[in-house]
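Structure incoming, see below.
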Amino acid sequence: MAGFLRTEAGKGLALSAPASLYVGLLVAAPLGILVAYSFWTQTYVEIDKTLTWANYLEAATDPLVRHLMLRSILIAGAVTAATVALAYPIAYFIAFRTHKKTLWLLLITIPFWSSYLLRVFSWKLILGFNGVMNSALISMGLITEPLTFLLYNEFAVVLTLAHAWAPFAILPIYVSLQKIDRSLLEAATDLGLTKLERFIRVTLPLTVPGIIAASLIIFIPTVGDYVTPSLVGGSQGKMVANLIQVQFGPANNWPLGATLSLVAMASVGFVAILFVVLATALGRRIR
Amino acid sequence: MSTPVSEPLNKPLSTAASKPRRRPLRFPWLLVYAIGYLIFLYLPVLLLPLFSFNDGTIVAFPMKGFTLKWYAQLGEQDTLLQAMVNSLIVGAVTALVATSLGLFAARAYVRYRFKGRELSEGLVMLPLVIPGIIVASSMLVLFISLGLKPSLTTVILGHVFVALPFAVSIMKSAFDDFDQSLEEAAFDLGESVIGTFRRVTLPIVAPGIVASLLVTFTVSFDEFVLAFFLSGNQPTLPVYIWSQIRFPAKLPNTLALGSLLLLASVLLLLTAEYFRRRSAKSA
Amino acid sequence: MTTQNIIEISGVEKRFGTFTAVRDLNLTLKEGEFFSLLGPSGCGKTTALRMIAGFQDHDAGTIRIGGQDMEHIPANKRPTNMVFQSYAIFPHLNVGDNVAFGLRKLKLGKAETEERVAEALEMVELGGLQSRKATELSGGQRQRVALARALVMRPKVLLLDEPLSALDKNLREAMQFEMRRLQQKLGITFVMVTHDQYEAMTMSDRIGVMFKGQLKQVDKPEVLYARPCSQEVAAFIGGMNFLDAAVTGEMNGKLHADVRGFGPLSIDVNPNVARRGPQLLAGIRPEQLEISAQKPDGYDGYLQGTVTNAAFYGENVHYHVTADGLPQPIAVSVPNYFHTVDHKQGDPVWLGVQNASVIDLGAREA
């Protein structure tokens, strides 16, 4: 054992073990317990440890669960698409059109070190019926009645999250743009491509890994986001995380909450893998 | 959860070898878009400080007079101060634990080739992509099953989990720029293994350590969902703010508090960025 | 110069997984010697150096330094110090603290430490630069600091891993002479690893040539050049024309052989050659051939051919000459006396060679 610890492999394992064990245990142990809970049932404070599929049956048949799950995935998809689409030009601008790259990257990251909770809350204040946006538009005389479609719907959730995730999209895409060898672009022009063709046939395919990374890092946590739907989603914008929280909080039905968590995770994983496969294949189709 | 790992920040200047040609006659669409995007990014962030000085409880235009009373009232609220202390404790402990774990792991990843390295590297990044609600609910269930009551301790356990990817990636970039032969040189000159770590490794990666401490502290300080599930009757600051958001009368106080937190976060992170760059430069 | 052995390596082997980096290494170095390990990258020379330094354990054999077995003695306890390829100057310390790094461990006292640091910096011509920041040094200065930092420890053996590869050409040539001067003045054994044959030849007392983990030949530079032990060693050091030859007889240390293109010649038997066979490989250095438009007088072998290539190299002129029956053109190098290229492509020429210029390389390698 002492001999092994002096080898390269031994030192590496020993040094990385605390971190990986910590994360590993805190992923595996809760998951194991969640799985156990998902087969139990609860009446008030009593946990009935008889194994049963009841929770899964309920999750599968309850229209509310199915509706919220589907909506969560759709909203997360919309958020991902909106964030990436809004972020790509910025990443492109920083990579190719400015010399002050460091400054721009810093400018883009600074807002995100403020509390996420407060940023979402701020959007609620901006989009509200008597909020900043409506009052500003009214005092400028652009509208007479407050706009009601701004807050408490899917739009508000998508807008707020597209804001919240901005650097998560910009940075990976920027890195993949920055990695492109500039002579590749010159070669494409030299071979007769127009700027647009060059972007579609060279730049875009080379940034597919960045787009995939950005999409995953946005999509996965968004499906399980709790704060944004609670604050700006209203009843139309509620997502699966709100339902899970209710099970662990007010409804006090942990087994069902555990089941919903697992189902949510499985669905997210499935959609994410599907997305990676599709995006990779699509990137390869471009010739 | 707040922001991605700022790893790419130290690359751009060095790789900006070929400069785009200037085209003075074309309308700079991208620049205009970029400025518009910045406004979108900063709007909600700057709104809080703006209205925190507004002499009125409604956040809408036109604004009323200027006042500092919302800030003055903050000092009188005991629960707020307690929540602040809780958050500081949780943040400090989280930063220390996550940075230590990250320091060792990052060194292993950069320095040694061993079986399971990639698996381990992937594993410690996992917290970044697990939905917060699932981390929170599963940890709550785990800790209750283990007989751990929700408290600051359980919040710390959870925060170390979510802060670890940040610590590992910052420490990894600190070690990436670190020439391995520096340690061999120290060892060759007669220094012991521990002495080499103390006299060479530590001073050179020190800026990275400071950056990691500051970033992980901020991650913990801002984190809400985990704390909401795991803090029990010891609320952290975000949990306190959450409880205040519901009451319109408390709104201006919340704005004032949020503005102060914003200022503190930005200052901390600019400091962290400064140290991170110094670490990149010195190596 | 004493003749005491300082390093004795016998039967040393190093494996990485299934790959054998160094096999059956046997080498004895004398005190005060400048020794170079020369070979292409990946030949195992750096691994050999790192085993002497103690950064890598050896899997078999013994390494003795100053008569002491180095088994299980870590690098920080060995009487060797190293100059790293990257120089490994501590970026957080100034020049003086870099040089004093190892002395601090010896607890010499402030005055003596400072004196030795000053002396070491004087030695490498960086006197008075103690407070200069490490990050403000030029490449050449970094190299000097690395040297001073190792020499200040007064090691029995100084190990140098490609010490000049990070410098540009002019600086590299200047440092070659300076390091040689320093080594002779201090009388410390230097062991240098390099892939540059000229570097090895200008600086070393002896050179060891390594290929694929094996030490092929250890000799003085001029012997290595004149009597290489095999085709691969001959090809690695300097230019060489390889010609097949049929041995017709052997007498008084001379081989009588029919050398392709040049006819019958009498070749000195090369004692270093390991492989013998019925076929002989003869080597002729390009600069040992005479080239002329008319048949030159006083040579032992001649070849009539045509110039296929002529190139002006500055200090000399290179020609390629082909003749019927030769698989490859013969390279000829002539000193540049009058800044002229005397023979043009397509010109008919004569080549002349002396018996003494032909090198016996033993059997051709497969």
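The chains carry the letters A, B and C, assigned in the order they are written, with residues numbered from 1 in each.
Note that a residue touches a chain if its C-beta (ideal position, glycine included) is under 8 Å from a C-beta of that chain, and two chains touch if they have at least 3 such contacts.
Treat the numbers as computed from the prediction; the structure is a model and nothing was measured.
> Quick one: do these chains touch in a line, a ring, a star, all-to-all (complete), or other?
Per interface graph, the chains form a line.
> Counting C-beta pairs in contact, does A-B beat B-C or the other way around?
Higher contact count goes to A-B.
> Based on mean C-alpha positions, which chain is nearest the centroid of every protein C-alpha shown?
That would be B.
> With centres defined as the mean C-alpha position, give me the subunit A-subunit C separation in Å.
Result: the chain centres lie 59 Å from each other.
> Using Cα averages as centroids, what's the distance between subunit A and subunit B in whole Å?
That pair's centroid distance is 18 Å.
> For subunit B versus subunit C, what separation do you get between their C-alpha means, in angstrom?
Those two chain centres are 54 Å apart.
> In subunit A, which residues are in touch with two or more of the other chains?
none
> Show which residues of subunit B lie in contact with subunit A when the two form their complex.
Going through subunit B, the ones touching subunit A are 1-4, 6-9, 11-13, 15-20, 28, 30-31, 33-34, 37-38, 40-45, 47-48, 51, 58-62, 101-102, 104-105, 107-109, 111-117, 119-120, 123-124, 126-135, 137-142, 145, 157, 160-161, 164, 168, 218, 222, 224-225, 228-229, 238, 241-242, 245, 254, 258, 261-262, 265-266, 268-269, 273.
> So in the complex, the part of subunit B that touches subunit C is made up of which residues?
Its residues touching subunit C are 179, 181-182, 184-192, 195, 199-200, 203-204, 282-283.
> How about subunit C: which of its residues touch subunit B in the complex?
53-55, 74-77, 80-82, 84-86, 88, 90-92, 101-102, 105-106, 135, 149-150, 153
> Under the definition above, what is the set of subunit A residues touching subunit B in their complex?
8-16, 18-20, 22-24, 26-27, 29-31, 33-34, 37, 86, 89-90, 92-94, 96-99, 101-102, 104-119, 121-123, 125-126, 128, 130-132, 134-136, 139, 163, 166-168, 171-172, 174-175, 178, 182, 216-217, 220-227, 231, 241, 244-245, 248, 254, 257-258, 261, 264-265, 268
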